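The data blocks that follow each hold one structure.
What follows is chain A paired twice: with chain B in the first complex and chain C in the second.
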Partner chain A sequence: MSAAGSNILEVRNLETQFNTLDGVVRAVDGVSFDLARGETLGIVGESGCGKSVTALSILRLIPPETGRIAAGSIKFEGEELTSLGEAAMKRLRGHRISMIFQEPMTSLNPVLTVGTQIAENVVRHMGVPWRAARERACEMLDLVRIADARRRLDEYPHQLSGGMRQRVMIAMALSCDPQVLIADEPTTALDVTIQAQILQLMLELKEKTGTAIVLITHDLGVVAETTERVVVMYAGRKVEEAPVEALFAEPLHPYTRGLMRAIPRLDVEADAAGTRPRLQEIPGLVPRLTQPIPGCAFAPRCGFATERCRVEPPPLVDVGAGHTVACWEVDRVRASAL
Partner chain B sequence: MSEPSAAERPVLEVEGLVKHFPIHGGLLQRRTGEVRAVDGVSFSIARGETLGLVGESGCGKSTIGKTVLKLIEPTSGRIVLAGENISALKPGAMWAHRRRIQTIFQDPYSSMNPRLPAGTIVGEPLENFGLSRGRDTDERVAKLFERVGLRPDAMRKYAHEFSGGQRQRLGIAKALSVNPDVIVADEPVSALDVSVQAQVLNLLIDLQEEFRLAYLFISHDLAVMRHISHRIAVMYLGRIVEITTKRRLFSQPLHPYTEALLSAATAPDPKRRRQRKRIVEGDVPSPANPPPGCHFHTRCPYATAECKVTAPPLIEVAEGHHVACLRRPVGGDPGPLSIPG
Partner chain C sequence: MTAYIVRRLFATLPVMAVVALFVFFLLRFAPGDPAAIIAGDDATAESIAAVRAKLGLDRPMVEQFFVWVWSLMQGDLGVSIFSNLAVTRLISQRLEPTVALTLSTLFVAVALAVPIGVVAAWKARKLVDRLVMGFAVLGFAMPGFVLAYILIYFFAVQWQLLPVQGYKPIAEGFLPFAESLILPSVALGVTYMALIARITRASMLEVLAQDYIRTANAKGLATDRVLLLHALKNAAVPIVTVIGIGIALLISGVVIAETVFNIPGLGRLTVDAVLKRDYPVVQGLILVFAGAKVLVNLIIDISYAFLDPRIRY
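Moving on, here comes the complex of A and B:
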């Protein structure tokens, strides 16, 4: 059913673990989500919530010396990726599933021109001659609106600004017409005016190419302005998922609510005296992921928590219209003021 | 909180501050140019007040912080701290004034000795300035720990044992220990997760009200800036392009760059994306080779021929609202600008 269905990517009960000196870290602890064709899905959460590890797991980029996908399934166009051989995986990466990272300089080769780097990917995956691949590279730079693309082909990454490098990364990622683009904090290192340019570019290109996007970020503003559906992660688990409007209109998990109240808002008018209202803090710290967490991972920091929350993990419950939440006390949360 | 009193002399006054860094090149490493990191900046901060410095990378905001702290020497200009001109003081003479102006960094970890327990790190400035010794220091440090929300037993821990937010609390305790007048906070919450960021921002506001601290708060994040600042200066390529109260800046931005910054900032509200705003094109030019005239003219949709040749002075166009834009004269219409041509 899934192969022909509308989902291009299906992740089920994914568990990714790392061996550390402190023990086994359960970085991703039973996460499931779907990505529809042409959809933009946001994965949001704070440091250590497992959002980046989820992305690396999909691409099978977990370093085998320290980590492993311990359980679960990742299906791309119906094909199981967790058991796929490395050679087949290599054909997939950068071709049908692409990724862009926060810091483009770490993924660009400093001693090759950007034209060569984009063309290399095209030659490898599309099997076209070098000259055609360079043409393609030029087209791609044009597509990501780098002015004077032909001249830029012969420049090295250090000659480009940060925003320009991220454009090159996007050009490279899209050069083989991927079905899925995974973008991990693609604008976090950029200045706000450049961030706005890059986000707009990504959305325009998505319209043009139909590539589905998984956008991983800690920034609720970026999520609100670019995605259609959002997965909220906490301590390696998915705690809430909803269409973006529903999530921001009525967040139901106490953690999601906490996040939204903790951010200073630009869009809310200050009162006449210009006083500084207190931000709502989320008390306490993220739990250690080396110990099994018996109940809800957020319970120790949650104002709604009961005894049951501390011992029994809450299941994800569908509350309607594609909005799911993992919280035993969701009725009380919903009844309380946001 | 109450507005800082106007009658009192500002605790920090900066006038015409310039900092140029030389660029050396060629075989003989001769001076071939200079980066005009800060190019004639003036502002003042009252006791109990937060002045926010906002701008993108390379605008000179951090250089201002370092210069005011006298970690680097200004090329020219005056820095007056609590009535005393410190701009020309040599390091030895500066020592006596260092207690008055302290700093909080983005990454407090890099400024902490990994081999010293946290209590010693926080107590060090007290002993350095001869404010206390031995047991007295320990007691004061314990009080500081309590005040910034750290448990007293944390005094025996080492920096690596703290989380990011706790380390920032340590950094704040250290800055606070010598009872300063001014704290320069350079991106103090940028590296923190939002839930922890809220804790630190609340703490900074509480401490300011309790001790009447003046903050020079440097950040690229407009939402954080709006939360903590009383007044905000917007910088672009080494110059202040607009400076006014927080309220005016957000309700009636006058400089086209401020407008661009505000419209580029994302908001956690999906409804906003439909009213997508003007996105300013292009990159920030290099501060080693800034455009002539108004530095922003290369990206400004409203720029006229004159903007390309004449550098606009920062003038007060309305009470407490200074802007450096040729198209915003005194008494001009504060409404939207028209695009020329």
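Moving on, here comes the complex of A and C:
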């Protein structure tokens, strides 16, 4: 873990809530994490665990009609974002903190050219004329390895493939040299072969630019390949955090273990012998977030759960080497086979 | 694109032919006889028959139709039964007021409705939105002629800011021309304004929920750029469609405004010609109205390609 002070982003006890017809949904319920300069942090969890909402909260893009940041603090370079004025926030977005989204097919404006969509970001934040911004856009398309960049500037998103569009999104997000790039499921909507290319590209660009990345995904394989540290979220809470090697070597939260058992593996020998183990799912369903959850949110689905787990929320405990976990039964979990 | 436009222009010919056919026979089958009107109230059957023969109305209907169509193809709309003036001349004399009124009404409606709709969508479900949409319902419900008299009463009679009635051709100076158009344009335009504002709001609301608007906001773009470029350009196709329908409705909708404000336009000419059963004039007018609508439709269709690059012809 990085020493204090070198963190570019510090999230503390973030609570983001939405008003729905069923009541208040606690989409993010007290999440804390740090992001060091130039680091790649993974945030993992199932759909609806609050990963995307965490990302949108950092950029303060939660739609104000329905949701709000109810509590907590988000510090970017020591500056508190939760209370920052909207004008200052607008100067930050796309400039110092950028975001790319899951759906490259719908995240680009269909009626504006690719060049305009990249260049407008540059004009807005760098204060350069359009001509220079277009040059920058062309450079960026080169950088994300789109062939024939100059011609592509005048094309519309529907003329590009999904992978190309995601490259355009990356070019757009990196066009103003942000310190932090938040990538929300950037490869989920893409073909597997394209996924690998896009991830590789993001990592390479990170090396070049020193941008810190928050990679949000439900895919542990992506996490293993690309991140340095991982935060595991469940039902709006952080349940485990560890350097990526430590997490895969010894996952300590029963939920993290469940996720890992649910990864399909190729095992040719076991297949041949007919002894390939059945893929294990995590029993039960994600809890409804409209009711306050008194104990551990995972307790109803957990094989290790005791009475205490259901009534008292487990604190995050440091088990050494930057590995923290929120589980009352961590010793029993550790002792059991994965 | 050029090929498409040429193709579309040719496609208007059958439409116009059907319009010509309908208009001709509909008028002949409608009750009323221009010969009887010309001959006067106490005319004998013989004198009516004489007038009818003179006008060629005693010939078989099919023959009359082909005579009319033949001259039509030579650009001749015929001669008014009553004034003996060429229909083309009658129409061109009355064209300017109607075109001016249509365009100014459209301008008033669009220039106010689109910004109103955008703001309402932006501030959806807030006070501004509710006020604007309440006003839109009111504007839509209020008949144009009622509003016309209210406007005349205050702006012309009470405060004497604008002329009560009448029309000044643009040749007599722009200011009097514009002054004579303000009240009729507002009276006529409020309905269209309400309609266009509602469509703009609905279309914008749908677009504002799209992923690419979130992307635009994540880039920290200024609110006006997000609303007016990123959102409005995407919302434009339905808005332009409604504006097109508005123009089509306006072309025929000017009749009431022309009557209330005593403007010598095509609407008034139509009413007079219909009441007198002046067949050639009515036929010519309806052809002109139909042609204008077909043309507006074509322009709207072509504009889609400029608004949305995914549309190709």
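Rule of thumb we're sticking to: the second predicted complex is superposed on the first by the 327 of 338 C-alpha atoms of A that agree within 3 Å, B and C clash if a C-alpha of one lies under 4 Å from a C-alpha of the other, contacts with A are read in each partner's own complex, and residues count from 1 in each chain.
Criterion: a contact is a pair of C-beta atoms (placed from the backbone, for glycine too) under 8 Å apart; a residue touches a chain by one contact, two chains touch by 3 or more.
Since this is a predicted model, take the numbers as computed values, not measurements.
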Message = I'd like to know which partner A:L220 touches here: chain B for first, chain C for second, both or neither.
response = first
Request  = For A:G94, decide between first (touching chain B), second (touching chain C), both and neither.
outcome  = second
Message = A:H158 in the overlay: touching chain B, chain C, both, or neither? Say first, second, both or neither.
response = second
Message = If we overlay the two complexes on their shared chain A, which of chain B and chain C does A:N121 touch? Say first, second, both or neither.
response = second
Message = Applying the document's definition of touch, where does A:M172 land relative to chain B and chain C: first, second, both, or neither?
response = second
Ask   = Thinking of the overlay built on chain A, is A:L61 touched by chain B (first), by chain C (second), by both, or by neither?
value = second
Request  = Considering only the touch criterion stated at the top, classify A:V111 as touching first (chain B), second (chain C), both, or neither.
outcome  = second
Broader residue contact with chain A after superposition on the shared chain, chain B or chain C = B
Query = Can you list the residues on chain A that touch chain C in the complex?
reply = 59, 61, 65, 89-95, 98-99, 101, 103, 106-112, 120-121, 124-125, 156, 158, 169, 172
Task = Using the touch rule from the top, collect the residues of chain C that touch chain A in their complex.
result = 124-125, 210-212, 214-222, 225, 229-230, 233-234, 307-310
Key: Of all residues in chain A, those that touch chain B in their complex   = 46-47, 161-164, 191-197, 199-200, 218-226, 244-245, 248, 258-260, 262-267, 270, 274-276, 278-282, 285
Request  = Within their complex, state which residues of chain B touch chain A.
outcome  = 1, 56-57, 163-165, 193-195, 197-199, 201-202, 205, 220, 222-224, 226-228, 230, 245-247, 250, 260-273, 276, 279-281, 283-284
